[in-house]
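Below, each structure is written out as C-alpha cells.
In the two complexes below, chain A is the common chain; its partner is chain B in one and chain C in the other.
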Partner chain A sequence: MSIEKGKISNQQLLFLVAGFVLGSVLLVDFTVGITEHQTWMVILAGLAITAPVILSYVVLAKKFPGMNLVQINDMVYGRFLGKVISIYYIFFFSMTLSFNIRDVGELYITFLMQDTPFIFFLIVFTATCAYAVSKGIEVLARVSHLFVVSGLFVIVSAFTLLIDQMDFSNFLPFFELPFIRIFQGIHIVSVIPYGETVVFLMIMGCLNKTDHAVKKTFSGLLIGAVSLLIVAVRNTAVLGRTQTIWTSTSFQSIRLINIGTVLTRMDFLIGIAQTILIFFKCSLFFYALVVALSQLFGLKSYLPLVLPLAGIEVIIAATVFQSPVDHAMITLNAGIIYSAPLIFVFPPLSLLIAKIRGLPKLERGKGI
Partner chain B sequence: MFGYILKKIRYLSLKNKYMLQNTQPGENNSEPISPVLEINLEAIKSILHESSDVTIHEFNFGHERKNRGALIFINSITDKEEIHKNILQPLMYDVLLLKNAVGMDFNDIDTIRKNLISMTDNKKVAMLNDLLDSLLAGAAILLINGSKEALAIKSVKIKSRSIEEPGTEAVVRGPREGFVENVNENIALIRRKIKDTDLCVEKYVIGEKSKTDVCIVYLKSVANPKVIEEIRIRLKRIKTEAILESGYIEQFIEDCPYSVFPTVSNSEKPDKVAAKILEGRVAILVDGTPFVLVVPMVFIESFQSVEDYYARPFFASVIRIIRFLSYIISTLGPAIYVALTVFHQELIPTQLLISIAEGREKVPFPAILEAFLMLFAFDLLREAGVRLPKPVGQTVGIVGALVLGEASVQAGLISPIMVIVVSATAIASFAVPAQTDSGTVLRYIYLVLAGIAGGFGVIMGLLATLLHLASLRSFGTPYLWPIVPLDTAGLKDVFIRMPLWTLSKRPKAITWDSYDSYNQSPDLMPSPYNKDNNDPK
Partner chain C sequence: MIFLLLIYAFVLIINVPGLIKRKEWRELAVFSVFYVIAFALGLMYVLDIPIPSPMKGLQHLIVDIFGLEYPK
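Up next, the complex of A and B:
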C-alpha cells in the first residue's frame, strides 16, 4: 500500500515537471563559469542525453503503477539491497533539498536583504515548504500551473524587455572552448535541472491514469528546457564575455532593463520568480524525502515526519557549507558525481531487471 | 498525550450530560392525548406554567350544545380575528345551519375538520408534545371531549417588514427588492423568480428551544444530489439550543472552520440567490434573518456582482479587474509599503524615495508601528461608525477621518504617505464585500510578515495562503475553481466577463457531472435580421 492517497492527473504532471525544471533557473549560473557563451549548447546537449534516462523513469513508473521508488526498489532488488539503494536515494533527496534551501538563503543574503540573519531565511522558507508538504501532493499538483505560468511570465517579459540590449555576436565563435569543459558543463546540466526529475519516481505513483504520462512528462521537460534556454541565451546576449565575472548573471542582466527610465530595477521580479520556483522545487523534493523515509520505516502517514525533517534540513542547510563559493564548488565537483549513479544507472537498471524477471506480473499474482 | 486523553474524557462526559438533557423533555411530554378534556387542559396548563398569554377557551357546541370542546392558542402570536371567524363561529353557529347534522358525530375530529373548519392549514395531532410544538409555532389547538386526537390549525399572525432595498448590497442597476425576516416571504421571492416545477423546498426545524424553520431550496434536476445529501446530513447533525441567525447555521455546516476564508456565501438579494440556484447551487433560508446562505461557494464568486451580468460585458470586465486589484491592495497595501520603506528602499524610484523620506523625517515610530496605528485607527472608525446612532455616526466619521488624520500628520506622528496608503487600503477593502472579513485578517498577518522579513516574508505568506486556498473545498467544490484546478471553460467568467451569449454552460464544478449543462442555446449571438443571411433553406 502506498502512503499517499491523493491522485494527480496527467495534465498536472506536465506542470509539475515544468515547474520542477524551472526551479533550476538560478542554477544555470553555475555552468556559466565553465561553459561561458556556449551554455545554450550545453543545455540542449544535456536535454538530449537525459531524454532516454527520463524516458526510463516514466516507463518504470508505468510498469509499477501506484508504487513509489522505495517500493519499486524493494521489489526489484530484494528486501536488503533495495533498502540500501533507497537509503542512498533518501540521502540524495535530503542533500539536494538542503542545497536548494541554502540557495534561497544565499539569494537573499547576497542580493536582496544583506542585514538579515541567514538562518532566518532557511527557517521561514523550510517552514513554508513543510506546510506545503503537509497539504499533500494533490494540492501542490493543483497549483503547479500557477507557478509555471508566473515563472514563464517573468522569463519571457524579461527577455522581451532586454531585446534592445542584446548582441547576438556574443555567441561567436561557436566552438571555442576545449571539449573537456563542455563535457563537464553537460554533466552538470544533465544532473542538476534534468536528472533531478528522478524525484518524480516518488510522485508518479499517484497518477490516476498513466496513459499519456510519457508525452506529458516530455512536454513539461520541454517547457522547462526552453525557458532555461531563454534565460541562458538572454544572459549571454546581453552580458557577453562579462557574464563570467558576475555573482549572478540573471540578476545582472535584469538590472540592465531600462525602458524610458520608468521600467527599471526589475531585479525584484526575478527575485520573486526565483523564490517561488525554488519553493516549488524544494516542496517536491521535501515531499519525496518525507514519503521515501516513511515508506522505508513502514509508517501509515508521512505527516509525523514533516516537522522533524524540516528541522534537520534547516540544520544541514545552515552548516553544510562555509560560503556560497564553497557551495558552488562542492556541488559542481562532488555533487554531480555522487548523484550520477542514482540518476543514470539505477532507474534504467531497475527497468532492465524488472523486464528480465517479469516483475509486474508476479506482483499482480500476489495481489499486492 | 495527556492533553488528548483529558480532552477525550471531557468530551465523553459532556456528551453524556447532553444526551441526558436531550432525552428528558421528550419523555415527559410524549404521552398520547387523553379523551377526557379536563385532563388534557390540566396537563397543558402545567407544562406551560400557566403563562398569561396562553388563552384557553372552553365552549359547548353542536345542535343541543352537548359537545364540549376547548380552543387553546397563544394570543401573542396568533391571529385572533381569524380564529373567531373561521373556527369558533363555524363550530358554534354555522353548525346550526347544517341540514343533516343530526347524523354527524361531533366527537369525531375528522367530521369537524371536514365539515366545519374553513382553514386549510390544519393537521391532526395525537401526541401531547406534537400538540405543544404546533401550539408554540402559532397554531390554535382544538380539543374535543371524547376524541383522542386534537386539531392544530395554523393561524400565525405575520407582521413582516415590507420588502426594501437591502442595505448591504445596493445596486445601481437591478431589482431593488431584498429578503425580509420571514422565511415564507423569502421563499415567495425566490419562487417569483423561478417558476419551475423543479424548484424544491425542504423544511427542517432546528434548535431545541428556538425551533427555527430552516429551508433548503434547490433545482432538483440541476443541483448535485451529493451536495444536497451532504447538506441534509450536516443540517441534521446540528443539535443546539437556538438558531438566531443564518450565521449559526453557516458556522455549524462550513467545511473548514479554521480558515479565514468563508466557504458559505450569503446574500440579501433574491435575484442573486435565484441566479445561484439556477447555476445548481443550494440556498439555505433561515427564519428570522434576511441573509440567505448559498452553498457551495467558490472564491471568485466574491468578485462577481449581479450587476456584472446586467451591464454590458466591457464595463463589467473592467470593473471586475478593478475588484481583483482592490482586493490585492486591501490585503497587501500596508505590507508592501512597509517592506519597501524598511527593507527594499533601492526598489523605490529616487524621486519618490525622497518624498517618502521627507514625509517620514519627523515620524518617531518605525514604519510597521506607524502602519499598525493607522490600521487600528481605521478599523476603530469603521466599527464605531457602524455602531453609532446614524446622525452621530457621520459626525464621528468626519472628525475621525479628516480631523484626526490631518492633525496626526501635522503633529508629525504619521507620515502623509502612510495616510494615503491606509486610506487607499480602506477604500479598496469595501470593493469586495464578501471578502472584507478575510481581507482584514490577512492585512494584519501580511503586515507582521513584512515588518519581520520584508518582501521575503510577504512572498512566503502569499505562498502559504495560495496553498491553503487550493486545499479548501466547499461542499466538494474546489474553492479556487476554475483557476485551481484549471478549467478553461470556467475562465470565461473570472477575470473578465464574456458576453452573456457565450456563457451557455453551467459551471462544471458545481452542477451534477452527468447533467446536460447547457442553460441556453449556444447560438444566441445577436445579429440583425437580414434576409440574405437568414435565408431558410
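Up next, the complex of A and C:
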C-alpha cells in the first residue's frame, strides 16, 4: 500500500532535483575551509564520483515502480533487516532536516536579523515546511520550477554584477593542497549536495511514467551542479585567499557588489534566494521523513505525523549543536561518515540483490 | 511557556477529532506517541533542561570508538 496518492511528471522531477541540489548552495562554505581555491575542482570531482551512485537510485526506482525506499528495503532485505535499514534512513532524514532548519536560523541570526530570538526562526520556518508537506508532493512539484528559476536568477545576476571584481589568478596554483584535504573535500561534496539526493528514492515512486527518469534526473543534477560551480568560481575569483576567513563566503562576495554606488549591499538578495531554496530542500526532506515513518508504522496517511514531527525537528535543530563552529566540526567528520553507507552502499547493494534474486518479478509470481 | 502550550493545544485540536471521527485508531496511537515526544522535548527546552544531542553521541561513536576522523 502506498501512502502518497499524488503523481508527478518527469519534467517536474527535473526541477525537483535541480531545486534540491540548489538548496545546498549555502553549504559550499563547508568545503571552502578545507579545499580553499580548489573548491571548483572538488565540485566537479564530486559530481563525477556520485553520478554512478545516483544512476543506481534511478534504476532502483524504475525496477520497483510505485514503491518508496521503505517498501524496497522490506522487499530486498526481508521484513526485519529491511526495517532496521529503514530506521537508519529515517534517522538520516531527521538529522539532515534539523541541520538544514538550523542553517536557516544561523543565516538569519548572523547576517540579517541579529536581535530576533533563534527559536522564532526555527518555529516559523518549520511550520511553513509542515504546511507545504501537508499539501503533498504534487503541490511541491508544481511550484518547483519557480524556485529553481528564482534561485538561478540570483546566482547568475550576482555573478554578472561581480565580474569587474574577479581576479582569475586567484585559482593558481593548481594541485597545491595535499591529497587528504582534496579527498575530504570530495567526500563532503559527494555526500552533502549530491548524495542527499537519495531522498528521491522516497519520491520517485510517485512518477506517473518512468521512461525518461534517468535523463531528467541527470538534467536536474547538472543544473544544480553548474549552479554550485558558478558560486564556487565567483567566491574564489572575488575573495581569493581571504575566502577561508569568512563565515559565509557567498554573503561576503555579494556585499562587494558596487555598481555606481546605486547597486550596493545586495546581501538581502542572497538571503531571500537562500531562504527559498533551503525551504524547498527542507520540504522534500520533511516529506521523505513523514512518508518513511508512516510507511514503517503501516499508516493510511502521513498527515497525522506532520505537526508532531515538526515540533520534534524544531527542538532537535535548536539543541543539536552548540554553535555554528560546533555544527561545522561535527558535520565535517561524523556527519559525512555516518551517512556514507546510506548513500554509497545500500542503494547499489539493493540493486545488486534485486538483480540476483530477480526482484520484484519473483515476489509478484508468489502473489505477495 | 504559554505560547508553547497554545501551539500544542492547536496541534491536538487539528488532529485528534478527525482521527476519532474516522476511527483511525492506529494513526491516533502513532500520533499520540510522537505528540508526547514533541511535548516532552518542548517542555525540556522551555524549562532549560539539557537535551542530549544525537550527533554528539554519534561523534563519540565514530571518532572516539571507531577512530574514524580526518586529520586536522
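To be clear about the criterion, the second predicted complex is superposed on the first by the 364 of 368 C-alpha atoms of A that agree within 3 Å, B and C clash if a C-alpha of one lies under 4 Å from a C-alpha of the other, contacts with A are read in each partner's own complex, and residues count from 1 in each chain.
Here is the rule we go by: a residue touches a chain if its C-beta (ideal position, glycine included) is under 8 Å from a C-beta of that chain, and two chains touch if they have at least 3 such contacts.
Everything numeric in this text was worked out from a predicted model, so none of it was measured.
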item	value
Touching partner for A:A132 - first (chain B), second (chain C), both, neither	first
Which superposed partner A:M95 touches (first chain B, second chain C, both, neither)	second
Which of chain B and chain C A:T110 touches, first, second, both or neither	neither
Which of chain B and chain C A:N208 touches, first, second, both or neither	neither
Touched partner set for A:T247, first chain B, second chain C, both or neither	neither
Which superposed partner A:I276 touches (first chain B, second chain C, both, neither)	first
Chain B versus chain C as contact partner of A:L332, first or second or both or neither	second
Which superposed partner A:F297 touches (first chain B, second chain C, both, neither)	second
Intersection of the chain A residues that touch chain B with those that touch chain C	none
Complex contacts: residues of chain A adjacent to chain B	11-12, 108, 112-113, 116, 120-121, 124-125, 128, 131-132, 135-136, 139-140, 142-143, 145-146, 264-265, 268, 271-272, 275-276, 279
Chain A residues within the chain C interface of the complex	91, 95, 119, 123, 180, 184, 297-301, 304-305, 307-309, 311-312, 315-316, 318-321, 330, 332-335, 337-338
Contact footprint of chain A on chain B as seen in their complex	343-344, 346-347, 349, 453-457, 459-460, 463-464, 466-468, 470-471, 478, 483-486
Parts of chain C lying in touch with chain A, wherever the complex brings them together	7-8, 11, 14-15, 19, 24, 26-28, 30-31, 34-35, 37-39, 41-42, 44-45, 51, 53-56, 58-59, 61-63, 68-71
